[in-house]
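Following this line, the structures themselves.
Shared between the two complexes below is chain A, which pairs with chain B and chain C, respectively.
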Partner chain A sequence: MLLALTDKRTGLANGFLLLALVAASLSSMSLGTISVAPLDVLGSLLGKADPMTDFVVKELRGSRILAGLLSGAALAVAGCLMQTLARNRLATPGIIGIDNAATAFAVASVVGIGLSLAPSAMALAGAAAATSLAFGLAGANGTRGYRFIVAGIGIGAIAGAATQVMLSRVAIDAANAAYPWTVGSLNARSGHSVVILSIGLVLAAILLAIINRGLNTLQFSDAVAIALGTRLRAIRILGLGLSVLLTGLAVSVCGPVGLVALLAPELARTLCRPGKVPLLASGLAGATFMVLADLLGRTLFSPLEIPVGIITAIVGSPYLLWILLKPSNRSLT
Partner chain B sequence: MNLTETATLAADNITLAHRKFTVAKNLSVTLPPGKVTAIVGPNGCGKSTLLNGLARIHAPDTGTVLLDGKDIHVLPSKEVARKLALLPQDNTAPEGLTVADLVRFGRQPHQGWMKQWSRKDQQAFDHAVTAADVIELQDRALDTLSGGQRQRAWIAMAVAQETPLLLLDEPTSALDLGHQIEVFELIRQLAAQGKTVAMVVHDLASACRYADHMVAMKAGKVIMEGPPGEIVSPELVHTLYGVHCDLLEDPATGSPLLVNMRRERSDHARCQ
Partner chain C sequence: MVPNRAVASRASFPSRLLTTWLVAGFLLSLVVMASLLYGAGPVSPGDAFAALLGNGPDNAHFVVSELRGPRTMIGLVTGLALGLAGALLQSMTRNPLAEPGLLGVSAGSGFAVALAILFGASNATLTTFVAQLGALAGCALVIAATRVQGLGNDPVRLILAGATLSGLLLALTSMLMLMDQRAADEIRFWITGSIAGKPLTLLSSTLPAIAVGLLIIAMVARPLAAMALGEKAAVGLGHHPGRIRFLITLSVALLVGSATALAGPLIFVGLVVPFIARAFAGPDIRKTLWLCLPIGPAVVLGADVLSRLIAAPSELPLGVVTALIGAPVLLAIVRAGRMPSL
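What follows is the complex of A and B.
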């Protein structure tokens, strides 16, 4: 990722996205049912505000924004990785059903079915299970080609149905507790899951910096990548593993906000110079999307709150249609 | 460029299969160093499979491919990439990638994850764009180039890899006559600078003209091997492609020329 910064256009894009993220985060800390003046937000961050402002900015909003930021970045990087490995822009964890499976497992743990594991672990298990299943059904082609995507869509649908069945079978209180999981919301987060997610992100960042060059060669055919000295199998396994890890951990924080994984890499690809996999830019864009979507959800119909997953779906679906209908999309499809 | 390094590449009794279908059985081929080897044969004879086997893209089921006498699949991938460059048939590139971007990828085997673009990388880059004559095209996106220009850009990438060995899979397919000759002459130049080249060639006439060494394959077997002037005969052409022809010697180069190609043996006599 350091390498990306040597590139002028990519460097500018990353700088721009970072600024956007900071601006979105600060606005999100300032706006809400109780408005805090931007200067007071800065004051509070610097530790020079009254306890009431501090409570609103840091306790109420800060931790929520941090959760959104981290999960948005994780989902977007996971999406960018999966798209690169599958060489297909549609192949994001959300579409392949990994989000849904992770949600189903997490809901199972919330409503008390199955093992009494923490939601993080359950979501991760669900993500891994869905991916292995999609792999198995796709056969020899691995993540390549449409079989993987079609198999994934099927698995996602089954997982979604399973979630609904669980919600309709349990007591109303348990169903209510599990509900935020099913739409994608930052309301149900636990501090524990956020900590695990940030550890996962740091680990992923280090590994991705190491395999960055190899990942770039995956944009060519397998033969070219091998000829350039890329250890194809190792990079694929590691990349897929990281994508599953990041998706599972992010879902355990925010639920299935899958469209971020589709939108953010797309924006990153538009801004950055072609030829490099824009992982850093995707992460920044994903974080910004999530923070903005949450801000909109909290303020649009305040005091009523719209879950972040619904906002991203409303913004994201037309965008998805646009990608599909756009005449020139040769690069990854 | 003077290649200080040389490397040998050989297939030792390899069998190559696609899934369960055996494409080539018990092949042994050694590339003569510093020469251009052409692999020829009819469609489906396994010539591209052999090239991919030599380039470690396709792992053999039995036997070994030896790079400098060592099993190519055991050697570290990067080390192999510093000795052997490949121009595959499927060379799709990301949208908007420029020629310079592509050529820079050729330096990847020489870089580490912390090792940045060095002066040596820049020298290799400059040499490659000069050799392949793509200096003026550097900032153009690949998808805006003509077929011949694009092929030269890909060859520039392989040249930037600075490998003693260069393998090309049908480097002139889909190119018109002018571009074909351009690419073949570039390949000859690279061989003259000391590279060992192997290429799959569809067109027997071009193989006769531009190769020093010819490997003729049919149905997954090497049926004849040697300099084109020595091994190409009307019998060989008939065995490979099922057509009859006469041979002349090219007055300019001395390489064999195929003339009067026909399906039936009797045509020739009847016309007289």
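What follows is the complex of A and C.
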């Protein structure tokens, strides 16, 4: 972590991403159905504005942006972790079905089929279940190899179908309450899950700072990593656990917002010094993506609001397709 | 020794295939009966049976001839089209995971229909035509993608690309649904995949396209079997791979487009049906196609019967049931030994 800060290029990248995040958050606070002048936004944040502006900026938009920021960062860090562990830039939680399973469990809790646990806990359980299932089905290959991904696609399909079954079986009110989770939206967040998510993020940041060096060595082959003194097993389990934790908690806030976990680490890797795992930069980039996508969704067809999950899918899918279809791509799998 | 065995197996194959075919046909007729007799509604199987024989209460008669009869016929045609299309696409791309639903062909078809509904279409024939055009675009994309260097021999990347394309089209469809409430209701009814409550006129409007698709299959089955030996061998046997590929693309588009127009996007049917058929028919695509004829309708109708009974007295969308059946099959294919290949 300290090393990462002393490195000039990474430092610059992080500074740039932080600046972008602040700019995106401020513009998201000022734009919307009611426009607030940027100066008034700053005034409100500093505590000297009229109650009306204060309400719009802090109560309506501020809490929403905070939720988007935290969940975007969590999804991106989880994606970056899993890509590093699997040595495969396609292995992100969304692609291997963890998002969908977490959603299915969260929906189960909202519509009251499961136990009356909070959505956060249920989403976490779903994410863990999907991951262990993917591992069980992938056999000895672990996170490496193609089976992991195809197994994940299958699990995602089952979870998606299960979500639909639950939504079609319950009363329309409960279905409407659960619907935002199924597309990914910041409208349905509960303050409770946001608090849990921020606790999870702090915990993850501490643990990741501790295992950062080991994660960096994972980019070499197993033999090299072991020779460098990395305890591979421990790091893999801890990293995967953190990835599942962050994904589950983020889904409980914003639903399955796809492709943030893929795009943000890509951007971070481009900006940062090669050879390091850009966790911090990924988090910042993910938060920026999420805030920007939500801003787009709110303002593009105003007063109609497009859920943030649809925006990220439309923006991110072409990029993923480009990665997949690019000829002679050796860095995959 | 070896030639003898080859001759012997060739001699015994047709009768074995015939037995399998008859067993599958028998199973299909059972499923058809179940589809006519069982439902989520209050009509008992006994009454429905009586209605089939021409007597029985009026409501049973109505349910069987007006609701379950058309539904069963639409299910039969949908299953036939999807099963054959899956087998063709898998054989041509040499990829056992190449399924029209997974690769985004159904999603392309669905998006086209959603667009048409948004622009005010409700005429059944227009929907059929539009669904076929969308499927054709989706098919062309898939074929173009398999021609990309390296992607053709990499089933996982192809599937992932298909899943991404489907996700993109689904997101665009959801956005269309947000724009217009009337269209949203119509699209939502259609997009989960169901064969309930569709009029028989819809069926007759898709039949010509399905007939053309079947005709093309009859024409290209032999060259396609030759192509399984490799393109050079096929050229050596006097076939034209490019032309065959074009014809198959057309046929898959016609079949999937018609099935999507009938039942909405049903994923995994095109995966499950050829998977079962191949298990019995072996590597010859012609035998696989023959076996897909009874198995496809049996799978779709069986899933439809399940969709009525699982959640009775309400019904589940058929697309949900096929996904619940198909995803484990996908996992089984991936789990089975080494990298799957055709």
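Please note the rule applied: the second predicted complex is superposed on the first by the 325 of 333 C-alpha atoms of A that agree within 3 Å, B and C clash if a C-alpha of one lies under 4 Å from a C-alpha of the other, contacts with A are read in each partner's own complex, and residues count from 1 in each chain.
The working rule: a residue touches a chain if its C-beta (ideal position, glycine included) is under 8 Å from a C-beta of that chain, and two chains touch if they have at least 3 such contacts.
All figures in this text were calculated on a predicted structure; none of them were measured in a lab.
For the composite obtained by superposing both complexes on chain A, the positions of chain B and chain C are free of clash and fit together. Centres of mass aside, this uses C-alpha centres: at chain A, the angle toward chain B and chain C in the superposed model is 90 degrees, to the nearest 10.
Looking at the shared chain after the overlay, A:A86 reaches neither chain B nor chain C. By the touch criterion stated above, A:I210 is placed in contact with chain B alone, chain C being left untouched.
A count of residues in chain A touched by chain B and by chain C gives the higher number to C. When the shared chain is aligned, chain C comes close enough to touch A:I95, but chain B does not. With both structures placed on the common chain, the touch criterion links A:I155 to chain C but leaves chain B unconnected. In the superposition on chain A, A:V224 makes contact with chain B only, while chain C stays out of contact range. Legend: residue contacts after superposition of the two complexes on their common chain; A:P274 is shown touching chain B, with no touch to chain C.
For the pair chain B and chain C, the model built by superposing on chain A gives 16 Å as the shortest CA-CA distance. Across the two superposed structures, the residue set of chain A contacted by chain B and also by chain C is 328.
Listed in rising order, the residues of chain A touching chain B in the complex are 3, 6, 140, 209-213, 216-217, 219-224, 226-231, 273-275, 328, 330-331. Within the complex formed with chain A, the chain C residues making contact are 97, 102, 145, 148-151, 155-157, 159-161, 163-165, 167-168, 170-172, 174-175, 178-179, 192, 267-268, 311, 314, 316-317, 319-321, 323-324, 326-328, 330-331, 334-335, 339. Chain B contributes residues 19, 52, 55-57, 77-82, 84-86, 88, 90-98, 101-102, 105-106, 108-109, 111, 113, 116-117, 143, 161 to its touches with chain A in the complex.
Looking at the complex, you find that chain A touches chain C at residues 90, 95, 137, 139, 146-147, 149-151, 153-155, 157-158, 160-162, 164-165, 168-169, 183, 258, 301, 304, 306-307, 309-310, 313-314, 317-318, 320-321, 324-325, 327-329, 332-333.
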